[in-house]
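You will see subunit A twice below: alongside subunit B first, and alongside subunit C after that.
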Partner chain A sequence: MQSYEFYTAESVEDCLGYLFEKKEVCQVIAGGTDLIPGLRNESIRPTFVLNILEIESMRGVIENDDEIRIGPTTTFTEMIESEILNRTLPLLVEAAKYVGGPQIRNRGTIGGNIATASPAADVLPAVLALDGVLEIQSKQAGSRFLTLAKAIEAPYKIRLQPDEIITGILINKLPPGTRCGYEKLGRRNAMARARMNMSMVIHLDEKGTISDLRIVPGAVLPVAQRFQEAEKILLGKKPDPQLLETAAEALAEKILKITGIRWSTEYKLPVIKSIFKWVFNRLVFKN
Partner chain B sequence: MKKRGIGVGSMFYGIGYGFSRQDISSATIEICEDGSVIVRSGEVDYGQGSDTIFCQIVAEELGVRYDSIQMITADTFTTPNAGPTSASRVTYVTGKAMMKAAQAVKKTLQSVAEETLGESDLVFKDEKVYSMANPDKNITFEKLAKQCHLRGLKIVETAWHDITTKDVDPETGQGKAYSTYAWASQIAEVEVDTETGKVEILRIIAAHDVGKAINPSNVEGQIEGGAIMGMGYALEEEIKQERGYIKNTSLGEYMIPTSLDVPSIESHIIEVPVSDGPYGAKGVGEPALIPTAPAILNAICNALDIRITELPANLENLHRLIREKEKGNQ
Partner chain C sequence: MTKDKNKTLLRMKVNGKPLEVMVNPTWTLLRVLREELRLTGTKKGCEQGDCGLCTVILDGKAVNACLVLALQAESKEIETIEGLGKEDNLHPLQKSFIENGAVQCGFCTPGILMSAEALLRKNPKPSVDEIRIGISGNLCRCTGYSKIIKAINAVTKK
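Up next is the complex of A and B:
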């Protein structure tokens, strides 16, 4: 049994005030699907737990002119049901559908998924593929903006000061005609940690040339990231099986370079290449 | 590439303990003054539905309403020993003890009814006891029970049922090891993704000889539940150990199928009665799980021409076998 101070913030100001006052790391509960099991098995032993779920302004999806703003405590279910996201960023909807099961999706939030920064996260890689930006606030410094790509420091660690908190996830709308794809391979069809996943954004211009491409495989690296080496091979070219194979090779090479050979390498390398090619072919040829 | 295959698994399984191991059960049945019935037995219903089946058996024997029976089970303070819930024995052994106890207590009821009605061709049905030839001669079960109590008759009976078998010949291993056997065949259809090693089970057809299905939907539930366990056994379940310690100690790490992994399961109940089970019934609990993994592995073999000899056939293991076969073919 653990004991800790549990504080429910009523507003963003209240929340920032609390973080400033404590000046040490507070465990933030933004859904609790990772935190609660961690508290139960005592792998997490906090002094302060800050509940941000009651802050109305931190929740929900807002559409601005060319940008979508998602509150960090927006649940996966709310994302799946969001008319705005279904219309503008269906990649996030697809990714959210693969999270756990209905109960987890009702509790778990996009901000929690990002802040937990698990290498096997379902939604975080999709936000990376969409070049998502975090709005971070603190009492002293006010607001700052940091791309998600730069925010992830290490597995389970993002670059936040103890007095800072994510207050929004900002994603630019995609140009018309942009296609998005998501795939997850798990050990079973629900309640499964991703063995691997793949988020992809692609745009073909009127000549059929690849004018935008973002590839983010998940659960293959300690820190998820875009695979620009593979993207470059295909950018500015027309889709071609040989090029696709070369890009798949580049993808595997990068993973090998970063992780070295591990027990899972023998499985993961060929399979992530297959998943990459499926998603690519599905987006290019079956839309 | 996705490849499909179909496989069959068949089994027979000894019901009860067999091999001269003690296999006894018991039940106590008491008729109350208001015609309600109290049943006591040490048998545990841990979800498989045995209390339901016992209730049905007693209701059938005494001709009373199912909801007039109060079941008191698995309370060591008040219930007689019925042996464990294991070996797929509960319906077969304790079910029979229920039947015997009900028949024993019925004898007292029968003698009072014969005397009251002046008839001996009596039927216990619909909360009444009546003459088969002359149904107008009848008495309600409640009145009959009251009569027994007014006369101070013994209206509680305990039945003991023992199916302990002789042992087999120690030299030849021959003999009747179990008092009865269950038989089953299951067919699985699978689709294997040769690139990821992921197996999707498309459907399972399961035919089980249960002797007699006392509660058919309960039997179907057992068959479906068993087949799902068999799926997990075939494809995912694995105890990972490190220096004697189990590493995967939660259901987040020890993977069993979820509802989204379960295909259509078509149950076929085969009823070939056995002489010493209640109404010919025998067990179905464990038999439901036994043929599933073999059927799935045979289906995978049918799809890939790869014989799997180690479980689980999970993503990595199957992927490795597929690659090895590809290399061998080159």
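Up next is the complex of A and C:
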């Protein structure tokens, strides 16, 4: 039988103190949309559950000069409705719209999506494509900063010490003219776990040369990551169908190298290549 | 907080009424509503946030009651289907569901009504696409959704 003590933290200090005291046996809960089914089937058996949803300073979107700060318990609905995100980082808004249904978006949080580190996460790959940085705090060590790319250790595992918690997601604003795209393929529209998704950030300079490119396919690898092999093929070049095909090949090759041939490979590789080319062409040629 | 063996006092407002109930920390809001408060209009389905049967409104937002730990509802306002209308005074959405034949087996209906209510409060004149998105977290295996969408749409035209 499941049995745990429940505590609602009132402030970051309160939360850090509790984590420091309980460490491994403590499970943090925010929106709970991933956690509660795990508690029910007892695949997770904590001694203490720490609720962080009532910590005012951990929620909401703040705009600084060249950086956006997103509180970890900001819900997907709050992201979708955020004027700041719609104006500065629409990629995150697009990704958040694809999460579950309204009830899940009203409850699930960006910090939870990151800390859960599901290979099929919707928003995590978009944060990776935006080179997001996590602000992590603990009572003993204070604050440290870690890029999301470095923070993901394995499927469902990020590099957080038991007494640490994510207190902010920091993303640099994009230079003017940067284009972002997100696509998700699920078995049905709402609620579907991503079968595959694609986050892309691209910038063309005044000569039409690709000066910045970030490609993050989601739900195709155990651990989401930028595909720099494919990015390098296109960087510094002008968009060209032949080059795009070569980059798509590189993308497929890397997936094959990491995952090996699986029952789904025959389907996944051509589809991920198509989604990649589709998003790229939409971003480059839409205007 | 009051202690009674493993139970903790939970204070919340349900359908406008402040109440106190002793809960086990492992219980979900759904269990408290159905089994402690006997508000069984909120249905229990998949218990993992896929079906939307247990949809209630928490501080103005539709949520799955199966995915909220009871103690996370401390000091919150919960609205359930029992608060939407009364048998002798149905809510306009309930009337419209009857008029438009949007109920078949009826098991998904309370959840869909709560999703629709949350949608209409935020967006009183939704497009058909917005209605579809608004109820996309609710499964119905009888109607094929078209009459449900028609019923919600009819309310917005009144």
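Points to keep in mind about this one:
The rule is simple: the second predicted complex is superposed on the first by the 284 of 287 C-alpha atoms of A that agree within 3 Å, B and C clash if a C-alpha of one lies under 4 Å from a C-alpha of the other, contacts with A are read in each partner's own complex, and residues count from 1 in each chain.
Basically, contacts are C-beta pairs under 8 Å (C-beta built on N, C-alpha and C of every residue); 3 or more make two chains touch, one makes a residue touch a chain.
Please read these numbers as outputs of a predicted model, since none were measured by experiment.
When the two structures are aligned on the shared chain, A:Leu185 is found in touch with subunit B, with no touch to subunit C.
In the superposition on chain A, A:Leu39 makes contact with subunit C only, not with subunit B. Considering which of subunit B and subunit C touches more of subunit A, the answer is C.
In the superposed pair of complexes, A:Glu24 makes contact with neither subunit B nor subunit C.
When the two structures are aligned on the shared chain, A:Thr77 is found in touch with subunit C, with no touch to subunit B. Of the two partner chains placed by superposition, only subunit B is touched by A:Arg195; subunit C is not.
In the superposed model, A:Gln2 makes contact with subunit C only, not with subunit B.
In the superposition on chain A, A:Gly101 contacts both subunit B and subunit C. In the superposed model, A:Tyr267 lies in contact with subunit B only, and not with subunit C.
Contacts of A:Asn51 after superposition on the shared chain: subunit C is touched, whereas subunit B is not. The interface of subunit A with subunit B overlaps its interface with subunit C at residues 37, 101, 189-191.
Those residues of subunit A lying in contact with subunit B across their complex are 37, 101, 185, 187-193, 195, 264, 266-267, 270-271, 274-275. The touching residues of subunit C, when paired with subunit A in their complex, are 6, 8, 25-26, 28, 47-50, 52, 55, 58, 61-64, 66-69, 71-72, 74, 115, 118-119, 133-134, 136-138. Within the complex, the subunit B residues that touch subunit A are 195-198, 236, 252, 255, 257-261, 314-316, 319-320, 323. Residue ranges of subunit A in contact with subunit C, taken from their complex: 2-6, 8, 29, 31-33, 36-37, 39-40, 49, 51, 53, 77, 100-104, 106-107, 189-191.
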